[in-house]
Amino acid sequence: MAVGPASIARPAPTTGRPLSLRGVLEREGVFSWAMLAPGVLFLLAFVAYPFFYGIFLSFQDRRVASPGTFVGLANFVALAQDPVFWQVARNTFIYTIAATALKMVGGLGMALVMNQQFRGKNLARAFLLLPFIVPTVLSTVAWMWILDPTFSVINWSLLHSGLMTQTFSWLGNATLAMVSIIAVNTWRGLPFYGITLLAGLQTISPDLYEAAAMDGATLAQRFWHITIPVLKPVLVIVTMFSVIFTFSDFQLVYILTHGGPANATHLFATYAFDIGMSAGVLGMGAAVALAMLPPLALLIVALTLYLRRE
Amino acid sequence: MVGGKGLGGRTLRLYLPLGFFLVAMLFPFYWMAITSIKPNRELYSQKIMPLVVHQPTLKHYVDLFADTNFLTWTYNTMLVASVTTVISLVLGVMIAYPLARMNFPGAAVVAIGVAATYLVPQPLLFIPMADIINTLHLGDTLSAVMLTYPTLLIPFCAWLLMGYFKSVPRELEEAARIDGASRFQAMTRVVLPLCTPGLLSAGIFAFTLAQNEFLYALIFLTKSAVRTVPVGAITELIRGDVFYWGQLMAAALLGSVPVAIIYSFFVDYYVAGLTAGSVKS
Amino acid sequence: MTTRREFLAGTLAAAGAAALTPRSSGAAPKSMSVVHESSFIKPFDDFFVKTLAPEYEKLTGIKMNYEPVSVGGMLTRLTTMAETKSGPEITATGINWPHLFDNSLVDVTDVAGEIGKKLGGWHEIVQDVVVVNKKWKALPWGNIGQLENYRTDWFKEVGVTKFPETWEDLLAAGRLLKKKGHPFGFELGHGFGDNHGWLYPLLWSYGGREVDRDGKTVLIDSSETAAAVDFCRRFFKETMLEDVLGWTDVNNNKAFLGEQISCTNNASSILVVAKRDFPEIGKVTDHALNPHGPKGRFHVLNAQSHAIMTYASDVKAAKDFLRWLYDDKQLSRWLIAGDAYYAPFLHAYDNHAMWNPEPRYMPYKEALKTSRYHAWPGPVGHAASESVAKYVLVDMFAKACRGDSTKDVIATAAGQLKQIYKTKV
């Protein structure tokens, strides 16, 4: 069915000729499926299939360059008894929740600020997006120096201004290391929140605020009863994506600490990588990765239910 | 209004927080820029204030272009990002349009299925994906990443476009069909043009994600000539335990600043696209 | 404007054509490929490409392609090659990979025998990692050693003119140096080389072991291990900065060249970079063997070797090439081009002239006698790799250093090892 540059005006297929190809394709169901088919097939081939293959792998003792043997749930049992695995789970949750909360609050702040008029606004908006645009692995390399105890600008400034006598070990101390990766992740992801929430803010007409103000609403009341409700759907969707990305984060930790010190910053993704690629134990690597799914699904279902309630 | 209407208020509401955000977000870039022109001996010196360069040099940039495949990597990255963005937009449109505007049997199943693919994160797929790519003998080809990146990008494009498609009134489409257009024509000539900001916005986001991707590129692209900037820089500007910091930072800046400039032109569309997409979904 | 159908048809056709294209399988190869982890010493790679390969081509007509893979990417590349059964015919291997990829590598016992006979015999220790089930699967060309790198000037300032012989002596020196603002910096984080480079030797030198020779008994829970852990904790507290707990391989190089630390465990990369970029630091940098513990002196083994993939179309041609490469005429020139970065495993080179230009690399040669593979004396296989990739040993020491009790950290490590070694070797 060649659709040429001819005008839109062509005799419409009437319902009296259902057997013509054009007629068939015009039917809602057929058209829809014809449109969906390529995308759905692609996702089936490249997402669904690897996903089920991954499940299959996780039930095997499969090492690199060797055939696998079926072992049922043995990999998962081993993981349940692996203290590192539980540490990794704890780390990933803390990392995701803390970073998401910070990004949400920070992003909202950024959006509120950027929602005002000032010269150079477009340029500012573009540059504020930079942390999100620059390839993460490269900006993380920069952070290695910013967090270095001797060369860190933070530490240098603190020391030389006399505020501190000792430097912090941002990447050597277990707690500070987690703080550091949360900070870097927040830095990287905040612009995404900021710009998206800004979009939401811009749909609110200033008249609404003025009317409310004239009715005597305080700043806080205007914020909670006008701003937040409009932003809520945006917020939930953005948070959903952010949670998925943060929960499965790999690059940042791989470059900065590779899971150290002593597994304090190891996440599901980095642990799965070490086991699967460095040790060549593909079956267990797949099991670690699969173990991510239940908690992630729970988080998302919770968010979706919350959204539907509104 | 916070702080009142005067300059003091404006400072409190605007300049102070704006300044804070600009410094917090851009400070690392300042550091990256400084490091890319700092000679090694200054970089390693504890005595010098790290934020200042005494004897700037362009050596790192020269070395980056002369000694490495940086230009090749940049070309690969742009090619891969562009191709995967186009693929993802096309497939995203084709998925989003029926889900947003049509009634048909199985719609709910497909919607849930597509939503489920949002949930499947990359680390879950990379091991089986490596097996598949190896079986297809696509290892070390750009096709490997061109086929795998859309798995990350299509879900977002589809979600965003669904929101935008839903916002176009049915009457416009029906009017076109009454005039004799097929559904396909109605889509391409009426609805899609109205959703250009959404398409641009989805495209920009997809492009950003694609040029930032690391894990699949790390696993599938092991030959220098086919590498993208992130994985090329990390694996080749690092020889064993020696990092070529100056070159790494030069690569970071050269890789991101042009994209940021492009962003500054499209940022209005990006924002507008996200508005319709998220608020109305 | 192509319709969807045309687009789909085109794609299917292309895919079909690709699937049906026969892969060429020749008799005598016109060319072969060698894949290598790119050398830290660039002239080493260049020598192969610019000198050795053309010589071989003139000799036999076979073009040798050299494919460098970035450091750290070799394992991934080899994994891909083994799984897809395609790629370069000859590959570099390291650590215990000949055991991991045993099924994919050709038996080269015959070639090994010939080379050994001509060049004074192979060092015993390397055979553990390249001989699998009595068959040679790879031919080692050199070791990348991990030794003590230290600042001679600062050590002299505190009265130490010869590098300390025992761990306790080193600790004493470190105590003095830390007071002077020149602490030590030994990696205790999740790097790969510079942590194992001293932690395995530390464990072994106190008599500690991970598992026994047959991999059936986990031996880490012992008084010897406890002694090593206790020493490590004191060593960390009294001589180092807290930051080392999070260090990966690059940090100690950075710290040494930034004059933050006076001593660390590293390959010779620090000296190489110092000589090139920081000559004043280079003048006062030297190498020494790992110190003695109560039960001996040890180093880690990282033997770089060549192996032939089983899918190679002409195994004989590959073997012939390796025979030629490992002839003294070629091998010694190549090793010299590498600036003695690699310590060869053939006794003929024990007193070779290549060590003379930079005598500070000699300790790397000395260290060969006492080098052991990771997870020694246990079996060299998948379990060893898993233990290393999971940082079992490193984390044990690191957690002790940050304050956990010796009993706890050993118990955790023992639990991990029991889970790892219960699976087949």
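The chains carry the letters A, B and C, assigned in the order they are written, with residues numbered from 1 in each.
Everything below uses one rule, namely that a residue touches a chain if its C-beta (ideal position, glycine included) is under 8 Å from a C-beta of that chain, and two chains touch if they have at least 3 such contacts.
Computed from a prediction, not measured in an experiment: that's the story for all the values here.
Novice: Which of the two pairs, A-C or B-C, is linked by more C-beta contacts?
Specialist: Pair with more contacting C-beta pairs, A-C versus B-C: A-C.
Novice: Taking each chain's centre as the mean of its CA atoms, which one is farthest from the centre of chain B?
Specialist: C
Novice: How many angstrom lie between the centres of chain A and chain B, each centre taken as the mean Cα position?
Specialist: Centre separation, chain A to chain B: 13 Å.
Novice: Give, as an integer number of Å, the spacing between the C-alpha centres of chain C and chain B.
Specialist: 37
Novice: Residues of chain A that contact two or more other chains, please.
Specialist: 3, 38, 150-151, 277
Novice: Send over the residues of chain B in touch with two or more other chains.
Specialist: Residues 46, 131, 219, 243.
Novice: Where in chain C do residues touch two or more of the other chains?
Specialist: Chain C, residues with two or more chain partners: 76, 79, 83, 191, 250, 254, 258, 260.
Novice: Quick one: in the complex, what on chain B touches chain C?
Specialist: The touching residues are 40-41, 44-46, 130-131, 134-135, 137, 139-140, 218-219, 222-224, 235-236, 238-243.
Novice: Please name which positions on chain A make contact with chain C in the complex.
Specialist: Checking each residue of chain A against chain C gives 1-4, 34, 38, 61, 63-66, 78, 81-84, 144, 148-151, 169, 171-174, 177, 257-263, 274-275, 277-281.
Novice: Quick one: in the complex, what on chain A touches chain B?
Specialist: It comes out as residues 3, 8-13, 22, 25-26, 28-29, 31-33, 35-36, 38-40, 42-43, 46-51, 53-54, 56-57, 109-110, 112-114, 116, 118, 122-139, 141-143, 145-146, 150-151, 153, 156, 187, 190-191, 194-196, 198-200, 202-203, 219, 230, 233-234, 237-238, 240-241, 244-245, 247-248, 250-251, 255, 268-269, 272-273, 276-277, 282, 285-286, 289-290, 292-293, 296-297, 300.
Novice: Give the list of chain C residues in touch with chain A in this complex.
Specialist: 1, 3-5, 8, 75-76, 79, 82-83, 100-104, 188-191, 241-248, 250-251, 254-255, 258, 260, 382, 385-386, 388-391, 394-395, 398-399, 402, 412, 415-416, 419, 423-424
Novice: For a test of understanding, state which residues of chain B touch chain A in their complex under the given definition.
Specialist: The contact residues of chain B facing chain A are 1-2, 13-14, 17-18, 21-22, 24-26, 28-29, 31-32, 35, 46, 49-51, 91-92, 94-95, 97-99, 102-107, 110, 113-114, 117-129, 131-132, 147-148, 150-151, 154, 156, 158-159, 176-185, 189, 208, 211-212, 214-215, 219, 229-231, 233-234, 243, 245, 248-249, 251-252, 255-256, 259-261, 263-264, 267-268, 270-275, 278-279, 281.
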